[in-house]
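Two complexes follow with subunit A in common, the first pairing it with subunit B and the second with subunit C.
Moving on to the complex of A and B:
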């Protein structure tokens, strides 16, 4: 594995050069929070950002995205026929993404890139993007990545991993895409003994993570028993079905499809949706298979921590970024729920909750 | 990369009102590009998304049979935004068709077996597809006895009445048509709910007999105990589910029952499979 040393003095000039070949995107502070924005005219990504308030999933999977356009004007030959919307899939680079958010894309990919069907919107956007990650030296208190199949220097889903070594960055080149980005920026100096340095930084960061989930029993627990567990009543009691958890989550992917017409033309679009909302599953007859908030809260946790685990055998559908823990207005904590599920025993349920 | 969200353009070729309350209409579609008909190769039991441009899409079971060529047919109940608008559309109008989607009734497994079709109300669409498919001269010999138990509220609410009458006259299919009630003195078929008629008319259970059950939740709820009583094993009871859907390809996340998607892993499941999943349908 190649590691490149980037002197901090070379950071801004390098990004300026890279911007000629890539559309650059990075964390930018707006009022009280950071979010991922296009970096225009020499703006730099704010690498002091612990993490953005919302996950960067919208870069690949916008909250609202036009899929098709159409005309209802019957004088046109192609009236009422859907036309693919034009997309910009020129190369772009996300600079300063955290390892948890980068790994999240690899989990979401399992949903959008299947043997039978491929979602062209998600895949084209993902494949046009190079991910330049930044290792976390000081994780947040709600982070639990190390027990969620991830970590502060986790490399899965990244093309380059940057480690902040004081007066310089150590850039681990993980893919060809990553190498191309570093070339475009003109960063070429090979670093010496970098593997050891980065490994030590990773160990130090991992040591600062103090909260954990237990997941080892989830796969073997019988689905219907877990579904019928009595703790869902208590878990869902305070939930107001606001959907903040699903919107802020880097691994939530549910969406709606809607047509919007103005005059004689319109668009068919994909919009984020949420399993927290009753309309999500409401039938035309009025019947709703997930008609209570208990159903909906249970669906969210069962999907992330049981159905996903069973379906893909790739661990849980969570990277431990902690956003839902920090943002939930009623303090529902996925770490606690995960541990309750993992400790569940159908016969001795009351004893399993600690 | 093929775009699975892009419908084939189709034209409405014929519309007929099916039921006396005029809430069910059958639409025949032809593909604007004849080559698309080949791409739309389907099996009995599958569904498709009907795409009404400017309104949206609805998942509807395919009522025509793969043995019928030159068109695809759907019977649609008038319920929401898209289906109501569709009911106001005219022959010649252009819209879209996306699919076929989901799995189908297990035709290979049912070869050489008896098949009992139990349907209620307007869930009879993919069952019509199945009957037409099985009765096709090339296919009829692949199956042993075929029984059909089909009920609606009143005689005027039965779908495909002319075809039902024609099947009644055949000797290679046993029809048991029923209505919940009727004031028609000339009604010559059964009166009674589907579960009750099933108990009386369904053939005995056995390793050679499959039941395909498709109907409203209330019918399914009361038919299942009858099949249990008759001794039908749960891997011989085939059911077709409905859930709210958008994408139809297992991505949008709303139609799941446990880890299975009704749109992609279903809509056809055995009762044995359903026993392993949460009953979120």
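Moving on to the complex of A and C:
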């Protein structure tokens, strides 16, 4: 593995060069929080950002995405035909994404890229993107990545991992896509003994993580027992069934398809949906198999922490970014719920964690 | 105010032990700074988990909707007004409730505190007059009145309007408060400027509906945005649909909103949607002399008909 040394003085000029070959996207602060935005005209990503308030999943999987357009105007030859919507899939690079959010894309991919079905919208957007990650030197107090199969310098899903070494960045080149980006930026200086330095920085950052989830029992716990656990009443009581947790989550992937017609033309689009909403599971008959908030809250946690674990054997469907913990209006904390589930004993519900 | 916790626990424990109520709804200590979680206690032992501090901003009336049990509920001024509204709208019966009134001194705005600190806040402690926020390499003290939620700084009904028990003697109400300066500022804008203001205000909305769901007034079995047969409102991020949601939500709260601030507090992207509901609140005050949730005896102006109504259009 190659590591490149990027002097900070070369950062802005390098990005300017890279911008000729890539559409650049990075964390930008607007009003009181950061979000990922296109970096126009030499704007720099704000690498002081601890993390963006909402996850960057929308870069690949927009909240509302037009798939097809159509016309109902029968004087047109192509009326009532779905036409693929035009998308810009030219190369782009997300600069300054955190390792947790990059790994999250690899989990979401499990849903959008299967042997049977490939979602072309998600895949084209993902494949056109190069992910330049930034290791976390100061993880937030609600971050629990190290126990959620991730870490502050985790490399999965990244093309380049940057480590901030004071007056320079050490850039670990993880894929060919990453190498191409660094070439385009003109950063070529090989770093010496960088592996050790980055490994030490990673260890130091991991040591700063203070919150954890326990997941080791989740796989072996019987589904039905966990589903029937009495703690769901207590867990779900405070929930107001808004979509904040699912919409801010980098790994939640559920969507709904809608046609919207105005006059004689329309679009078929994909919109984020949320298991927190009653409409999510409402049948055409009027029956709703998840008719209460207890059903819906349980579904969210069971999907992330049990069904996903069972189905994919890739750990939990969570990277420990802590967004839902920080943003839940009523302080429902996935760390607490995960530990309750993991500590569940069918007989006496001996969940020690309160 | 820090003594409230002990008193709330004592009352809750007593109500549960005597069987006067089946559950007590209050707050328990949150898992992150400046957040508490709405929580129920069903046994006297569980009542020991109840807490009170300046982070109890969620409106607990929201947790009463259509419940059948006998419930003890911890209620600050605005919660009590929404409990009144719930009772007159038949969402809960007065006889089901034992209201544990909490004279409120305002809730703090965690985002304002966070923005005034140089780094991430890892611990917040509170004393009688203020709060101290600590994080990596800093410790900063705030007078409570500097960091109140905006609605709390304008509140003139801090004491519960109905109660069966009280966690403390009443607090002095704020007087001389200019409650509608922000509404007047929006009123004073020209149409274009106002349109731009609303456009900017709603631009970050992700339609998570946290504002709607945190609101005790929003209890329709199916909200108009969730109607699917027929579907009234589009599901996308189209600005006209986003606006439709916000404007209609606000109108549904006319004459009912107590400006408890739960909506603004819940919003993950910091939208102050209270500018809509406050305009309607002000209209109800100006046109009908009405403030929501103050009395169990008087019907709200928008659900009564009076033969002597001064407006001609209704005759």
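Everything below uses one rule, namely that the second predicted complex is superposed on the first by the 349 of 354 C-alpha atoms of A that agree within 3 Å, B and C clash if a C-alpha of one lies under 4 Å from a C-alpha of the other, contacts with A are read in each partner's own complex, and residues count from 1 in each chain.
Just so it is clear, a residue touches a chain if its C-beta (ideal position, glycine included) is under 8 Å from a C-beta of that chain, and two chains touch if they have at least 3 such contacts.
Quick caveat, the model's predicted, so the values are computed rather than measured.
Colleague: Quick one: on subunit A, after the overlay, do subunit B and subunit C clash, or do they fit? Just give me the call.
Modeller: Aligned on subunit A, subunit B and subunit C fit with no clash.
Colleague: Once the structures are superposed on A, label A:23 by its partner contacts, choosing first (subunit B), second (subunit C), both or neither.
Modeller: In the superposition, A:23 contacts neither subunit B nor subunit C.
Colleague: With both complexes superposed on chain A, which partner does A:327 reach: first (subunit B), second (subunit C), both or neither?
Modeller: second
Colleague: Just to be sure I read the superposition right, which of the two partners does A:290 touch: subunit B = first, subunit C = second, or both, or neither?
Modeller: A:290: touches subunit B, not subunit C.
Colleague: Tell me the contact category for A:336 with respect to subunit B and subunit C: first, second, both or neither.
Modeller: A:336: touches subunit C, not subunit B.
Colleague: Identify the partner contact of A:117: answer first if only subunit B is touched, second if only subunit C is, both if each is, neither if none is.
Modeller: The answer is first: A:117 touches subunit B but not subunit C.
Colleague: With both complexes superposed on chain A, which partner does A:238 reach: first (subunit B), second (subunit C), both or neither?
Modeller: Only subunit C is touched by A:238; subunit B is not.
Colleague: Name the contact category of A:68: first (subunit B only), second (subunit C only), both, or neither.
Modeller: After superposition on chain A, A:68 lies in contact with subunit B alone.
Colleague: In the superposed arrangement, does A:79 touch subunit B (first), subunit C (second), both or neither?
Modeller: Only subunit B is touched by A:79; subunit C is not.
Colleague: Could you say whether A:282 touches subunit B, subunit C, both of them, or neither, answering first, second, both or neither?
Modeller: So A:282 meets both subunit B and subunit C here.
Colleague: Using centres of C-alpha atoms, tell me the angle at subunit A that subunit B and subunit C span after the overlay, to the nearest 10°.
Modeller: One gets 90 degrees for this angle.
Colleague: Nearest approach of subunit B to subunit C by C-alpha atoms in the superposition, in Å, rounded to an integer.
Modeller: 5
Colleague: Find the residues of subunit A that appear in the contact set with subunit B and again in the contact set with subunit C.
Modeller: Common interface on subunit A, subunit B vs subunit C: 256, 258, 282.
Colleague: Please output the residues of subunit A touching subunit B within their complex, sorted ascending.
Modeller: For this pair, the touching residues of subunit A are 67-68, 70, 72, 79-82, 84, 111-112, 114, 116-120, 123-124, 223-224, 227, 253-259, 261, 266, 268, 273, 275, 280-285, 287, 289-290, 295, 299, 302-303, 306-308, 310-311.
Colleague: Taking the touch rule as given, give the residues of subunit B at its contact with subunit A in the complex, in rising order.
Modeller: Touch list, subunit B to subunit A: 1-7, 9, 32, 51, 53-57, 79-80, 83, 93-96, 217, 242-244, 246-247, 249-259, 264, 276-281.
Colleague: What does subunit C use to touch subunit A in their complex?
Modeller: 30-32, 35-40, 58, 62-63, 111, 115, 119-120, 122, 136, 204, 206-210, 212-214, 222, 226, 228, 234-238, 265-270
Colleague: Note which residues of subunit A are touching subunit C in the complex, please.
Modeller: 31-33, 50, 53-54, 63-64, 138, 140-142, 234, 237-238, 240-244, 247-248, 256, 258, 260, 269, 271, 274, 277-279, 282, 325-327, 329-333, 335-336
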